[in-house]
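Reviewing the structure listed below.
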Amino acid sequence: MKNKKSKTGFLVLAVLLCLGIVWVCTITGAASVSISDANRILLNKLFHLNVSLEEISKGNITIIWNIRFPRIILGFITGAALAVSGAGYQGIFKNPMADPFVLGISSGAALGAAVGIVCHFTFRIGVFNSTMLLAFAGSFATLFLVYSISRVGRRVPVATLLLSGVAINSTLSALMSFIMMMNKQSMDQIMFWTMGTLNGKGWNQIAAVLPWVLIGLVIMLLSCRELDVMLTGEETATQLGVNIELVKRKVLFASSLLTASVISVTGIIGFVGLVVPHVVRLLTGPKHRRLLPVSMVFGGAFMVICDTAARSLTTSEIPVGIITSICGGPFFLYLLRKSKKGGGVV
Amino acid sequence: MKNENQTMLSFSHAAVGYGEKVVLQDVSFQVKKGEYVALIGSNGTGKSTLIKCVSGLLPLTGGEIEICGKNSRKLKARERAQMVAVVPQSYYVDYDFTVEDIVMMGRNPYIDFRHRESQEDREIAERAMKLTKTDMFRNRLYNQLSGGERQRVILARAITQQPDIILLDEPTSALDLHHQIEVMELIRQLNEKEHITVLAVLHDINLASRFCSRIVILKDGKVKADGPPREIINRREIIPIRVMDEKQTAKPLRIHVICGEKGGVRILEQLTNMGHFVSAGVVNRESDDAEICEYLGSQGLRLIPSRQ
Amino acid sequence: ETDAFPVTVMDDFGNEVTLEKALESIVSLAPVDTEILFALGAGDSVTGRTDYCNYPEEAADVDSIGTYMEPNMELILSKSPDLVVASGFIDDNIRQQLEENGTAIFITNASDLESTEKNIETLGKLIGHDAEAEEVVKNMEDEWTDLSAELENVKEEKSAFIDIGSLYSAGPSSLLDNSMQMIKVENVAADADSAWPQLSAEAVVEANPDVYISLYSTLEDVQQTAGLSDLACLNEDGGFIYTDGSSVEGDMIQRPGPRYVEGLKVLAELVYPEIAE
Amino acid sequence: MKNENQTMLSFSHAAVGYGEKVVLQDVSFQVKKGEYVALIGSNGTGKSTLIKCVSGLLPLTGGEIEICGKNSRKLKARERAQMVAVVPQSYYVDYDFTVEDIVMMGRNPYIDFRHRESQEDREIAERAMKLTKTDMFRNRLYNQLSGGERQRVILARAITQQPDIILLDEPTSALDLHHQIEVMELIRQLNEKEHITVLAVLHDINLASRFCSRIVILKDGKVKADGPPREIINRREIIPIRVMDEKQTAKPLRIHVICGEKGGVRILEQLTNMGHFVSAGVVNRESDDAEICEYLGSQGLRLIPSRQ
Amino acid sequence: MKNKKSKTGFLVLAVLLCLGIVWVCTITGAASVSISDANRILLNKLFHLNVSLEEISKGNITIIWNIRFPRIILGFITGAALAVSGAGYQGIFKNPMADPFVLGISSGAALGAAVGIVCHFTFRIGVFNSTMLLAFAGSFATLFLVYSISRVGRRVPVATLLLSGVAINSTLSALMSFIMMMNKQSMDQIMFWTMGTLNGKGWNQIAAVLPWVLIGLVIMLLSCRELDVMLTGEETATQLGVNIELVKRKVLFASSLLTASVISVTGIIGFVGLVVPHVVRLLTGPKHRRLLPVSMVFGGAFMVICDTAARSLTTSEIPVGIITSICGGPFFLYLLRKSKKGGGVV
């Protein structure tokens, strides 16, 4: 009973909070669009209300509706996806250092993107351009490589998976660096790709990632209970009716899908996927049924706020990863110190 | 459908090992529905290994195991967990789960993304916690419990699984005498009232012969003896276990029960029922137990307020 | 100047850029492009520049829209630009988003004098400042003619190692390598296998360059590098040339814009002090 | 120097808890050199907690503990480990250490960067493995042993520590009856021959009264009773533990020992010494044990080749 | 007995192997110095033999004796220090993902170096220049920060330590990126610094790091036994007479000293400290008494070989981290697959 009430309460609160954040962030930005203008554009475009936009300059409409608003939505999606993905990996590996990139997904993506950038491919499929496609392909190729290397018969021991991931990660990063080295012209471009940003991303990118992110999130949220049981040990989980290999595959796939789809669009954004689940775990405890949804909301909101800072604080963009780390790091440390347990979690 | 004499668990020439090392060579025996079998064998004979096989943690290298008539190799983890619950020899959890969380996990085999955890599930867990007396620390963290408390929590989880078969690996090793008998008694109740088939690894042959309907002795990877306790202990074969058998149910004993609080009832009753000469001592005259002793006394229990 | 529109030109990335009408607003996403635009006399139309656009001085009056790596989309769009001029670093997504919002993008990516001049001419044509472009290019050509005449006087060609920090150097087909060729300096890193190679200390010692041009490290730092302290050029007058990479001279050397030949001259005079007289 | 009557372990008003939760309120008792004390109490009374305090894992919140006359608070880990060895209730190792590695770690308190591990150290470990019969799997990995095997390895490590005091937390919980008695016997030997002081948490009051010289009963964070087994079990106070006391050494019992392999000697001998009427059964005529039975038989042991 | 023999055998073999590697690497390189010349220079300089160097050009002598040979020695020191440091951290944290940089030592160093580069400090103390000094100071400041944040009373729980390290690492890296962003001019310089290299390092740098590395190695090697006991659990270790807090402090200090001193000179070199201990553990098992010395030798030799490849393969230098990862990664994966256990180590 109590449980259910608090759940609904949480849901309502979370949705309201998110809407609030999205609205505040939409009216904030480097370009000065007045609040009333911003509101009118939102009302017109979002709810198809009969609000006249005639007095508002075309530039401002573009800024709010084609740049700022989709960027905020994409930021939320990105933050949510990365945080849930990180929580998933941390659960499967039972390792506090696991992040969405632990299996080499990111270096695979970066390598793919680097190949795309160096070869100046220009093909595109629907909303995907070549770099995005190659990054996505790189991620998944890496995942399958790591998975098949770690496979022992029908089992995939997580310890091996983790070590393989670590090794593949180094190797692919090195290959990418090598490509960068050999192609000075593309070097900066590759480097900027790896320093993820939401700058310049819009509705197209949302369309490109949303389906995958939704699939990933649904799979993850449906695996909560099994993840909880897995935390108590693989043997016990088997005895409690969990098909552990299936769960591993499922969660790895979903987490990787979340990460790969998001980073192939935004480039590599660190920190969120690593630290948000820890922050949330300090608040909710280890149960995934609470950890995952709260991480999702928290990750998304955190990302939106940081990205707003990234695009508004100075005239130039500050890479959002820098903001997340500079603000989030000390906050996490503060929580860590405050929690009496001393963070003996995951 | 379900025949009372149904074979719940059947080992035929089961063999298993770890890598090169063969642990079980050729184990064959069957457990019928409603039996309460004690598995006995010295350290390292493979009792825990056998339990691991049944619960699907180790693949057989030879022979077959059938669970409720189904080949163990082909069982899905979920199906198996609905039929078989395991109380392992020892059990750690690194994470901050509460006792309630742990017990609720017993419902996992019945929940999936279509069937969410229901009020009924919660009630079943509730009942299991009551039965094992773990409900008073339901909100404490599992990894902050004492050894004995943990053992009971895991038993509660197994009960929550509502299995047809329950496998227990030294379920009372960390329990004090009081809880030991309570837990054994609880298991017997489950066995008798709910017809759950029980296979328990026990080192205490006395406990085994008092509670179980049958004893299976493992040695050298094979079943060395198999039968009702009385028979087993009297067998002419060489049984590699030293038994202090003065506690055999077959022979009435004089037993003095020291008890002073309420709660002694069950033990006193049970011992009396077993045909022992029971005496109870140092009972507080005013206490609940005293009344019960008096009551039982009229049924053949000699109440002696103090010894010597 | 007015009836030329619509204009279509090809930029350094091979993209066709078309302008339908005369320009009102240009945003520059690279210091070198700002220099070109101002040199072409289109300074008044420049409504946005990057933080690093430090030349000419008037550029400081223009609003900044960020850095060339991370320009701020909103600020760019708030200038409602007809044209964005960018360097090769521009991010694909930003480009795409700009194009979708109806902004033309011209990309410059020069690495020698010829392509620099070509860029100036093309850009001039695009924005309808052909005449100014011609003038600028002619100036550069004149300067170059003067410089090459002076270089005739060089008796002994020198070899040089350019150190842009931590022994990284300018490899083949880089702007600096091309510059060195033009001023008759043999680049020690000319046959390296990438455009931005790091030479090993032993390769530098073996090459034994006549001049050591350091853009960031001081002589003391360089001498701390193992084995280099023995280099002849570090121990004789004029062998070590330190030109702060972030100074005016540094900019001139490293920007393929209107001041490129001036930069060449500075470099040449540093290496061959005799032609300075 | 060392007085035979020296106090080895002294609790005076010791109090301890976890965070807010108080577990031990006011524990006072002393253990003299060479004593063999059983610590008894129901689950969750704080027996393991008490052992943790002595071994320095938990800081006291009140009172004092003195070990060999030294205040426990001021002891360095190294000093303490030279005096006190602990056999914990359960023990996991995540890493691939062999049994020998684990046992050798018992020498850690005596080795430092000046004194490297010597031949003598190795011999001490060797002897401990022999005593606990763990030498046959010395090269196997600890985490691939069965529950009972592990328990003996840890005992071997404690012996290797050559402590003055040994603290055992349910040292026989995972052992089969045979090893249980062997281990208890071994501890008694250490106690008698090497004058090691023993404090053992035991749930089996029979085992306790058979082997220990003194029983301390914990309840509600305090010492509830303290004295020799005979006295304790006959005390008039309300002892909250149910005791099946028909095994008391005070009363001679008829005990039938089923044994067939060699190794029964010690048990037979010991039981005889305890004054019980011992019978041994189902002995292979040709086996070692038969000879021993015959030998003992002349000293009052009745050898019956088969029962009934 | 057997133990001792095999120990001596290992020692002799290891020393011979290392000498062989050093020699082969000394006669290999981009600059073409003939083998006999190289040998003569070595004999003369190293053993003060009366071998005439008159016919050999001064440049070649400089190349062999002032550039190549010290670089090899420094490479060995670096590899050994990083591998031992990584093994130490992995032991203390019982985490396979721990590497020498897990506590933020590297980002502290990089931040220090970045400050030095941006501020154009020119002070120097002995063989240390300002960048080195600031990097070293940055490392240690970070270590103390992480340590004191994680401290709970007199105890320092490793879980908290690890999480704090992770957070500080992100935060400091972000700060460094921020400095880089704000100082376009110094950006490349800072980037070069973070891409560690042995190029241009010589006797001065050896003199600068050797004392610290020796102190670090000695402390680590003397802590082997205690580290072994710690692996079996902190409670047990206490009961076996190990002062766990002291050991933690000791090992953290020594590992950090090793890492900080080395990277303040070479810049950040990844992979070696992470993967070498794993490779060695697959061969030797978890006991530090074997793990640490073998890691030391293996790490050193591996580094020397990779660095030789880095300076000889092409006309320009390849950053050594790239070589170590590209060669070492697949080798590690091969070992991981081969080891039947499936790498369920650390």
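Descriptive notes on the structure:
As written, the chains take the letters A, B, C, D and E, and residue 1 is the first residue of each chain.
Note that in this section a contact is a pair of C-beta atoms (placed from the backbone, for glycine too) under 8 Å apart; a residue touches a chain by one contact, two chains touch by 3 or more.
As the structure is a prediction and not an experimental result, all values here were calculated from the model.
Shared contact partners of subunit B and subunit C, listed by label, are A.
A count of C-beta contacts for the chain pairs A-C and A-B puts A-C on top.
Distance between Cα centroids is largest for the pairing of subunit D with C. Among the other chains, the CA centroid farthest from that of subunit B is the one of C. Distance from the subunit B centre to the subunit D centre is 26 Å, each centre being the mean of its Cα atoms.
Separating the CA-averaged centres of subunit C and subunit D is a span of 83 Å. The geometric centre of subunit A is 48 Å away from that of subunit B, both derived from CA atoms.
Note on chain placement: the centre of subunit A and the centre of subunit E lie 33 Å apart, centres being C-alpha means. Residues of subunit A found to touch two or more other chains are 181, 316, 318-319, 345. Taken residue by residue, subunit D touches two or more other chains at 92, whereas all remaining positions touch fewer. Annotation for subunit C: residues 51, 67, 70, 171, 193-194 touch two or more other chains.
Here the chains touching each other pair up as A-B, A-C, A-E, B-D, C-E, D-E. Only residues 95-98, 102, 149-150, 152, 157, 159-160, 162-164, 166-168, 170-171, 173-175, 177-178, 181, 195, 270-271, 274-275, 278, 318-319, 321-326, 328-330, 332-333, 336-337, 342-345 of subunit E touch subunit A when the two sit together in their complex.
Residue ranges of subunit E in contact with subunit D, taken from their complex: 94, 222, 225-226, 228-229, 231-233, 235-236, 238-244, 285-287, 341, 345-346. Across the complex, subunit B meets subunit D through its residues 18, 40-44, 46, 48, 89-90, 92, 144-149, 152, 169-170, 173-181, 203-205, 233-247, 253-261, 264, 267, 282, 284, 306-308.
Of all residues in subunit C, only 50-51, 63-67, 69-75, 77-78, 80, 88-89, 91-97, 100-101, 109, 171, 174, 193-196 touch subunit A in the complex they form. Touching subunit A in their complex are the following residues of subunit B: 52, 55-57, 76-82, 84-86, 88, 91-97, 101-102, 105-106, 108-109, 111, 113, 117, 161.
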